[in-house]
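In what comes next, chain A is part of two complexes: it sits with chain B in the first one and with chain C in the second one.
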Partner chain A sequence: MDRTNLVEELRRIVGPRGVVDDPHALMTYDADGCVMDTGIPQVVVLPTSTAQVSGVVRLAARYGLPVVPRGAGTGLTGGATAMFGGIVISTARMDKVLEVDTRNGRVLCQPGVINFDLSQQLKPYGYQFAPDPSSQKACTVGGNIANNSGGPHCLKYGITASHVYGVELVLGDGTVLWSGDGSPAGPGYDLTGVIVGSEGTIGLVTAVWLKITRLPEAVRVVLALFPDIAGASTAVSQVIASGLLPSALEMMDRLVIKAVNDMYKLGLPDSAGAALLIEVDGVEDGLDDLLNDVTAMCWRNGAIDVRPARTLAEQNQVWAARKNAFGAMGRLSPTYYLVDTVVPRTRLPYTMEQVGRISREYDLPIANVFHAGDGNLHPIILFDRRAKGQNQRALEAATSVMHVSIEQGGVISGEHGIGVEKQEYMTLLFSTDDLAAMAGLHQSFDPQDVFNPGKIFPKGRGCGELAALRKAGVAWATLK
Partner chain B sequence: MSIPLILFHAKDRPSSDIINTCVHCGLCLPSCPTYRETGLEMSSPRGRIYLMKAVDDGKIGLESAVFQEQMSQCLNCRACEAVCPSGVQYGIIMEASRAQIEQARAANATFSPQPSALSPQPSALPARPLLQRVLRNAIFGVLFTDMRLFRAFSSSMALYQRSGVQWLARKSGVIKLLGMADIESLLPPLNGPATVPQGQIYPPEGDRRYSVALLTGCIMSTAFGHVHAATIRVLQKNGCEVLLPPDQGCCGALHTHGGDLDGGRELARRNIAAFEGLGLDAIIVNAAGCGSTMKEYDHLLHDDPEWRGRAEAFVRKVKDVHEFLAGIELNRAGLGRLDLCVTYQEPCHLVHAQRISVQPRTLLNAIPGLELREMPESSLCCGSAGVYNITQPEMAMSLAVRKLNNALSTRAQVIATANPGCAVQLVGELRRRGEDVQVRYIVELLDQSYSAGKD
Partner chain C sequence: MNPLSSQIASIVGTSYLIDDLADYPAYAVQGRIPILVVAPGSVEELAHVVAAAHAAGMAVIPRGGGTMQAWGRPPAGDFMIVQTTRLSRVRIYEPDDLTISVEAGMTMQDLDALLAVHGQMLPLDVPLPARSTIGGVLSTAMDGPRRLGYGTSRDLLIGVQVVEATGRSSKAGGMVVKNVSGFDMMKLYTGSLGSLAIIVSANFKLLPRPRAAATIACTFNTPADAFALVAAIHASQLTPVAVEYLQKDEGGRMKDEASMSAVISLIPHPSSFILCVRAEGLPAAVERHIRDVAEMAERAGSSRMSVLRDEDHMAVWAAINDLPQTFSVADDELLLRLGCLPSDLERALADASALASRQGIALAVAARALSGIAYLRVRGGDEGLRHQFHADLLARWPQLAILAGPPALMAEAPIWGASVPNLALMQRIKQEFDPDNRLNPGRYVV
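Showing the complex of A and B:
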């Protein structure tokens, strides 16, 4: 393959400044937020329009090169990593909000818009984009769609999947299609539902109609302190079971409190073994009643204190502590392994007990900061890569957490996606038939395996058959 | 046979520990002006740290064009540092990386008329051409280290600017040819008399509450002498006795940021000696870039046993003027009414490097009648960044345009700021557009308010 020609042809499509082909510059694209898996692309392009994306994809097909979509590269599972080289299409310059349509409760934007910026732009209209992953200040809505991202406020408002009314998609042969007309419901197959969470393996989203949400009239935030995580978990289970709906229920355990307490001036006492961040929002009337009902359940389950964040500044401080908790782990340990599983909320207390057992068994500290209200756990296994055997122990501990979560009726990813990092765990959750159905679906959209190859589907031992199935493009129907 | 890579030298080596603190999370990306403008990973803090890591790991060398370009393109605004959850000390490794490039250049800078191309020194980059070296040395090595020469030079420059020679020199490309573009761009439009520190003591108004000294600096003392005068009056109004110690000089920010760490160290030692032993409550700085550099003298002289302790004592006293005024009981009674609509452009070295963001706003809001209208992206770099203006003209220009669009969207009459680089950049872009909006230092507005309060 003639690389020079490829680069020249790409330049003709996106302009000379939209192509990166210097080997040293390309090195900086070898990973996303997950540095365990790396792969350097042959070339990176930064298109600004759907037509340009389509042109680049057609060219990739002609050269037989894979296409890897990349937003801000904040993903935690290697989803934006070019495992087999090829062309990385960065959406960094497709960052325009195209139309704010408040009367129909929706916004049309390009995929490279940063999640937080979108909400900032909607603010003057009295609206927000509700899904708010902890990386929201950097991550793009394209990445949110790829990973079906969650966030603290998804407890009340739903995850990304509940906020996508339709996407414009470029397929592997350069075809451009819309998965819906931008209205909340429509007849026929739910193509939007297929695309959300497909991690860039089906096509590249070039525009999207997103649902927008009214900013609440009032917001209350309190921190409920517990002596240990068991009581806090039970309180969460009870709140959910009672049908009360706070806008966020976020858990921080003793280790996390230790990491963020000073930095964010929370002033929490040493006796606090767990802190539950409770937020309620909505119309002013009745809001305090809702909050009182929730805190009453905390008191009944052994809460030692309930501290309200009285001002907006205090609320922001508490939220900053919660959202930057992962980054703050650097203060406790040189390396960490972040797990992202989900369990039914009734199984929360038992699962947390098991996480504690796993920590003792593998002799590694595990910090917990997570979306308790959604049952979406984030056990953070702290280890030192340089210490002998710890790397392996951390991986084994993570596998144990996944086993426990699945045993309890849960799943292996809540919001970070599968990418490269978790593909071998897919067989823990899905049968070969399940996976074959997914492979068949993928096949019908991307028969040439152009988009983001080597992701989601397991490729390890015992999975050869499935990988071959995906490669060969055998449709699910013929398998049956 | 492969050509050996030019790797980091031991002296002022970027710390591997700091480089490895970066966990590659990417939360810094949107804070970075050059990433915002380009969308390119290598033009982001995370990408630049990755390039430093690549040299540190021996994967690429200092001769890499991408490495050199990115170390130069960074504004060193340190917005990334302020948002980094892992606390990566980005400014320190950026300055060290630039020092590595300068060292590698200097290693080949023998003053023989024909540097041998056949036997270049190992671990050396091609030196700057001889004429450039001589001129740069004259300016960075002599002019900035002797404030008397600097002031004399500045007044001749006023003539240079007014006479139209500047326009001709810029237009003809002579300056760029001489490799002097960065230095030339530092010259702000000159107005008013210089402030010369000669040991003056300005008495407090009323009882003496504090004894403070003012850093007069280089460009601030010549081009912004009127800002120093305003600062002194405002401090006097707040019970401060203000000293101008005579032996002080340039803070060394330009040297340090440009990678001339030894040059920076020499100036740091001179200032420490000039300000110590005076029984001061605070050393006041009214230029954000100088303040941030002076607060890091302890790091700069960390490996110097004789000066380390003295630097630490010095750093404890350094206070940005807004930080100082907001931290004491401000004389509010003396403030008179200013019916002005003001927007605030945050200097990077105030908001990011010193994390001072609330205090300037507190002071502006203290002025009766003044309405503060926040602009979008108030903490995104304006593109001035010291020597950046002509070394990276395109990026500097697009950031200036972005900043002005944001500032003018507020329809404010005044853009307030607190740094000479920002002030020059804003005035330049306003002039280009023909906009009738003023650029003022916050202390100037306070001074004006106090003088209105007298009536």
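Showing the complex of A and C:
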């Protein structure tokens, strides 16, 4: 491959400022938020338009190079890492909100718009973009679409897939399609639905019609402290069973409480083993009664303190603690490994016990902050990667958590995705037949495997191979 | 018995293989009679039946309660029907998890009755829930008025098992409400009209049943007034779960239309243009909705406003949900579905009304007013006039589907709308999943 020519041609497409080829600069693109897997791209381009993306993809095809889409690089599974080199297309300069259409409850924007900025821009209209991952101040809506991101409020408002009306997608041959525009019931297969969550492996999203959500008239937040996770979990079940789904149900354990207490001066008692954050929203009427009901349920389940946050300032402080919990981990250890898994709600207490056991077994502290309403756990394995053997122990502890989760009827990722980090876990959850169906879908979009190769599917069973076997009608039983 | 029949009888037992020709007209699809009708009793049986059909080169039409078999083109060539109604078991239901896994042949009514015992619901409104099955609701992606508040099946389906064209079974998703483990195959199968695989079981996220609910029914002298109320509700911070616009035929020519009559009979002082607003949630919040909607309706020029509670509330929505049914469609009737941006809906319906009155045919409308979906029942006139009505409306509103009509029209008209965007990609998907075109051949867009 003639790299000089490639860079020259890329510059002609995206302009001189849109190409990064300095070896030192390229080093900064060797990973996303998952630093365990790295790969340095040959070149990084930062286009500003769909036409430029299409041009770059065509060029990549001519040079036989993979294309790796990248938003803000906050992903936690290596989804934006160029495992086999190639061209990284960063959406950083495609960051414009193009049209706010409140009459139809939608917004047209480019993929590089930051999640939090979008909601800020929608605020004057009385709207928000509901998905709110913890990384929302940095992550892009394109990344949210790739990973079908969640966040605390998806308990009530649903995951990203429920907030995307249609996307503009560049395919591997450079052609461009639109999958929808906000008018419902277009004929044919739900292309938007399968593009969301495909982790940049079937095409690159260059524009998107997102659903926007009216800001609620009123919000109430309660912070309840419990001696342990079990009591808090029972309260969670009762709140849900009482007939109104809260807009968020978030839990933090003793270690996290300590860390955020130090950082945000919340003055929480050391005796608290679990902090439960409950948010309800809707019209003003009845919300205070509901708040009282929820408070009573917490007391009945052994809460040691219940603090309603009525003012916006109080609510923001409580939420800041939750949303920045991962940042506060730096106070506890130099490095951490954040695990993402989901179990059925009723299995949460048992799964948490097992996480405690795993922590003792591997002799590594594990802090827990999680979406209790969804059953979405985030054990944070604290370790020091400079200390001998800790890196390996952390990985093994994470694998143990994953096994417990699956044994409890759970899955391997709730909102972070599979990427590279979890591709080998896929066979724990899915049969060869299941994976082959997914491979078939993938091949329909990207038969040449141009986009983000080496992700999602297990290493030993590549996507193309799976699809080919499926087509040939090979008896699966002989392969398993 | 031919070889395929005997092979299939050996899988499901002779009593579940309908081979009495006298029974077949009831299973006709667009006037075409099946070669065989089979009702497997388990997913394994169904998979074996499909595998046998595949080996024999026989096309398969999946069928649940048969309420939406009118959708799509007439099948191409000979076919057998695989009926899912014996697959009606609950696989997993732990109420505190707020999830359920059920087989695809269970009816929506049975599912609702089961969930009601535990104070829970799957808020998918469908026509004829006593017959409609989960598999049918998913494969058609049929929507209901409460899509405004709770979304559609694509938002509530969290896991799926299918039998593919070769008889191979695969699954995706899981029993948890948040899951990004692998591709979202649920979205692919939902709304694919059984053309990619047969859905045999489905997992859903559930919701607690609301503590209180009520309907505010507002009647209007003109559609414009009704849509002024729609706009006012949209601009407010109210959170109604359904806002349904209803328009009955002005000439009174659809007297035998049972569902619309049922709706009208429940609303005091009905007029031709009605807006039904459904509120659910905390008792105080529901009362607030009644108060605010009443005020807004008055400002919009509503002639009457009534509040329906308890049985009346439930009955009116059951009747509204049935309005777009395609199970019993008269010979001189078409059922159309129009999709557009919500802000265009008023204009689209005005076009439809003007065309209908010019051509002297009857028109009744049920529209999800804030979602941009309208179901139009068109009746009377002669066949030529009805087809002209469809063609004229299609020329202005390209997203116009014919969901039910005479077989000749279904075979020839552009029943899925003026064009199918991204058709080449959809053909590649069909090619991957059903290369021999054995599942519902010819009936959907590819």
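Criterion: the second predicted complex is superposed on the first by the 452 of 480 C-alpha atoms of A that agree within 3 Å, B and C clash if a C-alpha of one lies under 4 Å from a C-alpha of the other, contacts with A are read in each partner's own complex, and residues count from 1 in each chain.
By our rule, a residue touches a chain if its C-beta (ideal position, glycine included) is under 8 Å from a C-beta of that chain, and two chains touch if they have at least 3 such contacts.
Fair warning: this is a prediction, and the values are worked out from it, not measured in the lab.
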Is this a clash or a fit when chain B and chain C both end up on chain A? fit
Looking at A:L441, would you say it contacts chain B, chain C, both, or neither? Reply first, second, both or neither. second
For A:G85, select first, second, both or neither according to whether it touches chain B, chain C, the two together, or no partner. neither
For chain A, which side has the bigger count of touched residues, chain B or chain C? C
Going by the contact rule set out at the top, does A:N376 touch chain B (first), chain C (second), both, or neither? second
Looking at the overlay, what does A:T28 touch: chain B (first), chain C (second), both, or neither? first
Put chain A at the vertex: what angle do the Cα centres of chain B and chain C make there, to the nearest 10 degrees? 140
Just checking: does A:G73 make contact with chain B only, chain C only, both, or neither of them? Give me first, second, both or neither. first
For A:S183, select first, second, both or neither according to whether it touches chain B, chain C, the two together, or no partner. second
Between chain B and chain C, what minimal C-alpha to C-alpha distance in angstrom results from the superposition? 21
Touching both chain C and chain B, counted on chain A across the two superposed complexes: none
Under the stated contact criterion, what part of chain A meets chain C in this complex? 103-105, 126, 147-148, 150, 154, 158-159, 161-162, 177-179, 181-194, 196-198, 214-217, 237, 240-245, 282-287, 289-290, 342-346, 371, 374-376, 409-418, 422, 426, 429-431, 433-438, 440-445, 456, 467, 471, 473, 476
Could you list, by residue number, the parts of chain A that touch chain B in their complex? 20, 22, 24-25, 27-29, 31-33, 35, 44, 46, 72-74, 90, 92-93, 95, 112, 114, 116-117, 135, 137-139, 324, 326-328, 330-331
Spell out the part of chain C that touches chain A in their complex, as residue ranges. 94, 96-99, 119, 141, 143, 151, 154-155, 162, 164, 166, 168-172, 174-188, 190-192, 196-197, 207-211, 234, 237-239, 281-285, 287-289, 337, 339-344, 371-373, 399, 401, 416-417, 420-423, 425-426, 428-429, 431-433, 435, 444-446
List of chain B residues in touch with chain A within their complex: 21, 23-30, 35, 39-42, 44, 46-47, 50-51, 54, 59-60, 64-67, 83-87
